[in-house]
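Each of the two complexes below includes chain A, the first together with chain B, the second together with chain C.
Take a look at the complex of A and B:
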């Protein structure tokens, strides 16, 4: 028999209140084993205080071909950045 | 290195004029240091070469556990046992990071393992040498992991995102491996005459195989030149080997050990150490499967995989049963 264990994506939250971050993937037969394996593979040196795992097959991602349509519209909206508005030197605390 | 003699399947380095529009755009992204991600378009040869390279690298980490695992029960103290176990566990982790990176290119884990066991996919020549004494464990950490770091640090900047990210993780952990090896050597060299002789004996046996790890000179290799253009090989074999010798020779001096090479000498004009000729016949024999431990390593790996089959099947069956029960209860 050669049915591979499914692939899981692993997300780890480090200390200091940061969001969970993708760190890699692994194979496991079920979610419980995926978390146990993730502990051994991705947190051997205190890298995290919380683990999420999700079946890779369940993740939907944007496609590289849609990059322009999705992200270029924000390029011409520089006024969304505070540095767009020059402030006189005399004005403080703004 | 951990991936030696990686072929690109190409006869010559591709010139811009011979590229399709897609290939030119791809090369432009690499030239601009933009990372290539798994879903991006990439030339077939780039994909296949990377699969071969990352796979070899992963196999090396996994097979590399064998010569060291051999000493876990015989390490001279409880602390040394615990340290060696942690080190070997790291190697398993490194293998897993790398297999995952290779899988993003569309090759399955089972396929890679089958290729290793069938002898179709290689692993580093260095792991086909035996670990005869405790000093060999020190020497492996000091020299073999030292050489690995030399190779892997530039790979943190390689063009393929998942490979580069795996290398960042590996490099963070590898430094512990090298230091624990040097610490074993230091302890032996500060010990009795017999202990120091063990250290010297291990260095005598591991020095040349360590230099061979970097692979033959690739100054004229088409594959290396193409891999360099793709930024999946950042420095030449000779450059890496020279760096390794330059870094290691003073460390051997500090230990009071003699590197087994009469031609090894500091060259003031070059600003580098000169060193003697490597026996490439030995390297080629080991690569072809005729090293001291090739057959034993593959026998051990294959046996572990086959002996574990029932566990993998049982876990799958258990999960299928649980899913079926959940479905029944939900209905």
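Take a look at the complex of A and C:
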């Protein structure tokens, strides 16, 4: 039966986090049931205050084979990194 | 109404608390039978969550029942003593919740018919004059609002699903309907507590239950069984300790370990 149900990716916004974070996936016949299932599977221990689900088939990923072309060019461009600003001592938690 | 003496009031309250508790104990045990055997992993976890909610509520009711009983001088019975060392004739749950799991439509139908009543009951209990009852009911009703949403959703999905799921849901509702009348009965024990503002008048829950259940069953394209069947005198007695044969089997499995090893800890 489960093979007939599409796969959904689950994103949970935690108590303190600002952004939804990917926590895993599950099977469900539609979005409504996917949210209910996500509530039962992924928020049993008070993990979250908001749930997103998206059909796994609708998520498009970069190809691992393109990794070098996509990401390595930024490695040697240190001027793009925000590491050259003096930080005042009074500013904490950065 | 004549004013009851405090001991009689305590005995009635003890009895009433057992009724509230035992629905949870027995239905949680039934749902627990699905552990590892759910139709899909997600349902396995979801129905177990419901079971744990019900068991948690039952613990609170049993703990309070034990205190009330001891208040009249009886030895203190713990939650475990009440759950594991009473026989079927001493259980006060509705006949509906002890019915076997059957197929998944049977399990969902049983849950749906119970949840729809349970949420109304707890909503009213949250207005009780007994502060402990109010506290437990207010906590429980939040959990049960989700239960009723979930089971209603499944009734619609199965009822308005494939030809086979429809047939199974129709048959499940038809088979369980005779056990629904008991939810709306009131006996002398409850009447006294209703008059004292502590218990809920189950008769008053009948109309809202009928309305909600019919709305969902209509959505689910399930034919509502004829009323007289539900209102008939059959299939009641659970609240007084007269059960179907299914309860003894359930209790045998549930109670065997603590009865075989009374000092076992887990």
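Everything that follows uses one rule, which is that the second predicted complex is superposed on the first by the 77 of 94 C-alpha atoms of A that agree within 3 Å, B and C clash if a C-alpha of one lies under 4 Å from a C-alpha of the other, contacts with A are read in each partner's own complex, and residues count from 1 in each chain.
Following the convention adopted for this analysis, a residue touches a chain if its C-beta (ideal position, glycine included) is under 8 Å from a C-beta of that chain, and two chains touch if they have at least 3 such contacts.
This one's a predicted model, so the numbers in the text were calculated from it and none came from an experiment.
Chain A has more of its residues touched by B than by the other of chain B and chain C. By the touch criterion stated above, A:40 is placed in contact with chain B and with chain C alike.
Contacts of A:61 after superposition on the shared chain: chain B is touched, whereas chain C is not.
Contacts of A:5 after superposition: both chain B and chain C are touched. Shared-chain residue A:29: touches chain B and chain C both. Residues 1-2, 5, 26-27, 29, 33, 40-41, 44 of chain A lie in contact with chain B in one complex and with chain C in the other. Against chain A, in their complex, chain B makes its touches with residues 37, 39-41, 86, 89-90, 93, 96-97, 100, 103, 108-110, 165-166, 169, 172-173, 309, 312-313, 315-316, 318-319, 322.
For chain A in complex with chain B, the residues that touch the partner chain are 1-5, 7, 23-27, 29-30, 33, 40-41, 44-45, 61, 63-64.
Residue ranges on chain A touching chain C, taken from their complex, read 1-2, 5, 26-29, 32-33, 36-37, 39-41, 44.
Contact residues on chain C toward chain A in their complex (touch as defined above): 39-42, 45-46, 49, 146, 149-150, 153, 157.
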